[in-house]
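Paired with chain B in one complex and with chain C in the other, chain A is shared by the two complexes that follow.
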Partner chain A sequence: MKGWWSCMLAVLERDLRAECRAKERLGPMAFFLASTLLVFCFSLGPSVAGLDGAGAGVLWSSFVLASVLGLNRSFAEERENACLDALLLAPADRGAVFTGKMLANFAALACIQAAALPAFAVLFNLDLGRVWLRLLGVFLLGGAALSAVGTLFAALSSSLRLRETLLPVLLLPVAVPVLIAATDATSVVLTGGQLGDCVSCLAVLAVAWLVFYTLAIMLIDRVLEE
Partner chain B sequence: MAGGVPAVVASGLAKSYGRLWALRQVDLMVAPGSFLLITGPSGAGKSTLLGLVAGLLRPTAGELRVLAGDPGRDPAVRRRVGIVAEQPMLYEELSAAENLRFFARLYGVQAGSGRIALALERVGLLRRADSRVRTLSRGMKQRLAWARAVLHEPRLLLLDEPFSGLDQHGTELLLAQLHALRERGVTCLLATHQPQLVQELADQRLRLLDGRVVCRAGATEKLPIEPGKDRCPPAEALP
Partner chain C sequence: MGEAKVPSRTADLLETILGVAALVGGLTALWLAFVHAPVEASMGLIQRTLYLHVPAAATAFLGFATVFVASCMFLRTGRVWWDHLAAAAAELGVLFSTVVLVSGPLWAKPIWGTYWRWEPRLTAMLILCATYAAYLMLRHYGGRTDGCQRAAAVFGIFAFANIPAVYFSARLWAASQQLHPQHVQLEPRMRLALGVSTVASALLFVCLLDIGVRLQQLADRVAGLEESADTAEALEGAATDAI
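Moving on to the complex of A and B:
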């Protein structure tokens, strides 16, 4: 078990360190997010009333599309220089490798969400003081579920020639339950509701994370080989 | 040749990629501590053979045992195998020392700064310990790949074109390390287009062509440049 944790932390640390230096994930994700929020701001109008319940959709469609950019890099950089081969040759537990990668993707998405929230509040005249803590809870749970399924599909598509095109094609249909639940929960919070009002959505997110993470741990050997 | 359980045993080993057979009916036995030199033109199946032995590829047919285990499934086998491939298998955004530290953790090696420094010194990269890999030359990356491959003190070392990109100094460093490993009883499988560099180290030689073993030779036998143009023991003649 000590080896599992050591390996998972090694992969997580490596990913975060490389990301801090190269910003290969965060750079494109942040640019995409800013562009999307601006486009929605101009099309819907800069007021909460103008959002008319669409704010949650604006946020989560931005998050999921931005995360695809980051997920594409997650295993692509392992394929470059055959680093993935080196990972597979090591006696490390592949579940630990997956978990490290998933947490790195989650961290990247959390950074994007943290940056999006104030930008969203400014663009749509939203008073964050009332809702930010509840939104954070929804973002964390939704981000965890999205990272689990996203990392699994990033690993799956990383060996394909058209991986950058195929990742969203493969991922988005499977991630629909996560997106619906996250959007509903965010909508409840944005309209002044409490977390207790969207407990079924939060439960769906928690179960989705558990199911996708378990699936990934079971399948990762097959997914990564050859 | 040293005795004991063979380091590598292959029987009827074959590998196909779709309809293309990269390796066909390879029988092989490598004794522990011996040095097998694998030659052959590009596309002959050398890298595929090493990939199978490393456990990176699964055989399409045949049986393969490496260090008495299955390299694809047994982490204990992987712990005792090191590889230098054509690509360096290094992270470009990490420094040389960070790369070694990362792989040491994956292999469960207690790698303090002293051990990392020693590994870098052996390949002449101590001064570049904190340089990011992307700033290193091709030859430096190859030397660092060597340091990564032997950091966990493997019992079986797989080398795929280890001299590519190396200058004379780098080649000499690598040869000296190979001699040292040979003396310590490490089994080596080396595939190269430059067999003259390691002729004296090899005690078994094998030539592949179109995925088949076309020629085998022992330490004292001459391996012809072109199969059929010189004395070439039949492939079935040696174990």
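Moving on to the complex of A and C:
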């Protein structure tokens, strides 16, 4: 068990350090997120009423789309230097390797979410003063579910021929329940509701995370097979 | 890539029997649905889409469940036959769910007044259809490798495990749009027509599944032959150069 933790932390630390130095995920993700937010605003029109109602949906659609960019990098950088082969040769539990990568993706997504919040508040005329803590809870839960399934699909598509094209094709339909539940919970919180008002949405997110993570741990050995 | 076998005579015979059974079942179901079952009092003729819509939905789920079981078995045993079964079942799952998505709106136009409503069950079926279409994309564009077969199997398991979440979230999302008839009591002749249609649809599924698996095996054989032809050509070229 100790080996599992140290292996997981080693992978996580390496991913975070590489990210801090190169910023190959955060930079493109942040810019892409900003662009998608703008694209949505322009396509919805300038009327304030229309934008306010669509806020939660716009935000989560942008998160899902931006997360694809980060996820694609997550295993591409392993392939480029044949790092993955070395990782697989190491006498490490692959579940631990997966968990480390998943947490790194989760951290990247969380950074992006935190950074998007002020811009979102300005563009959509929101007062986040009292709701930001609740909003953060929803973001973290939704982000966790999204990173669990996303990291597994990134690993799975990294061995395919059209990997970068296939990742969003595979991820988006499977992520629909997460998207629905997270959007619902976010709009409840934005309209001044408590977390108790959207408990069924939060339950969907928690169960989705649990199911995705458990399945991923069960199946990762077959995904990362050379 | 596994060895593809030439189908034996028993397999041929089985295929014929399945085909005949599906044909007889289909014709009986058509007669029951269009002649034997009475016209529904409030909806009229359009109600008869029920005998296509509901069996197609059940068969689509049969397809999704087959993908799940075959994917699990492929990962366990590594036998290529399971992979072929999963691929064929996914195609049929998408086919039958498309039938559901087409027949539903045709019925809904006169009954609900519009072709499409974002109704929970319809929405869920649409999401599932898209998920399994993504599975087919994965198989088509992923390349003919072991990695792609394993990836498809893992995706097949995820897609099936996601079904409860899809249904629950669709209900959350469109709770106010709940329009599907609930707890319907069918007249006995209608019930018979629906039952026979469901069985006929399942028979058609099995029959098409068998053909689909055989097609996959043949495609594998063709790919194998092409590969060996390429190798032979390369060897020949090398030999000519040497001479």
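For the reader, a short list of remarks on this structure follows.
Throughout what follows, the second predicted complex is superposed on the first by the 215 of 226 C-alpha atoms of A that agree within 3 Å, B and C clash if a C-alpha of one lies under 4 Å from a C-alpha of the other, contacts with A are read in each partner's own complex, and residues count from 1 in each chain.
Simple rule for what comes next: contacts are C-beta pairs under 8 Å (C-beta built on N, C-alpha and C of every residue); 3 or more make two chains touch, one makes a residue touch a chain.
Note that this is a predicted model, so its numbers are computed, not measured.
Judged by the touch definition given at the top, the superposed model places A:44 against neither chain B nor chain C.
For chain A, the partner touching the most residues, choosing from chain B and chain C, is C.
By the touch criterion defined above, A:184 lies against chain C but remains apart from chain B after alignment on the C-alpha atoms of chain A. Contacts of A:159 after superposition on the shared chain: chain C is touched, whereas chain B is not.
Judged by the touch definition given at the top, the superposed model places A:119 against neither chain B nor chain C. Once the two complexes are overlaid on the shared chain, A:225 sits against chain B and chain C alike. Shared-chain residue A:140: touches no atom of chain B or chain C. Of the two partner chains, neither chain B nor chain C is touched by A:111. In the superposed pair of complexes, A:7 makes contact with chain B only, with no contact to chain C. Looking at the shared chain after the overlay, A:208 reaches chain C, while chain B stays out of its contact range. Across the two superposed structures, the residue set of chain A contacted by chain B and also by chain C is 225.
Taken together, the chain A residues at the contact with chain C in this complex read 149, 152-153, 156-157, 159-162, 165-166, 169-170, 172-174, 176-178, 180-181, 184, 200-201, 204, 207-208, 211-212, 215, 219, 222-223, 225.
Considering their complex, residues 75, 127, 130-131, 133-134, 137-138, 141-143, 145, 147-148, 150-151, 153-155, 157-159, 161-162, 165-166, 168-170, 172-173 of chain C touch chain A. The touching residues of chain B, when paired with chain A in their complex, are 54-58, 72, 75-76, 78-79, 81, 83, 85, 87-94, 98, 102-103, 105-108, 132, 148. Listing the residues of chain A that touch chain B in their complex gives 3, 6-7, 10, 13-14, 17-18, 21-22, 77, 80-83, 85-93, 225-226.
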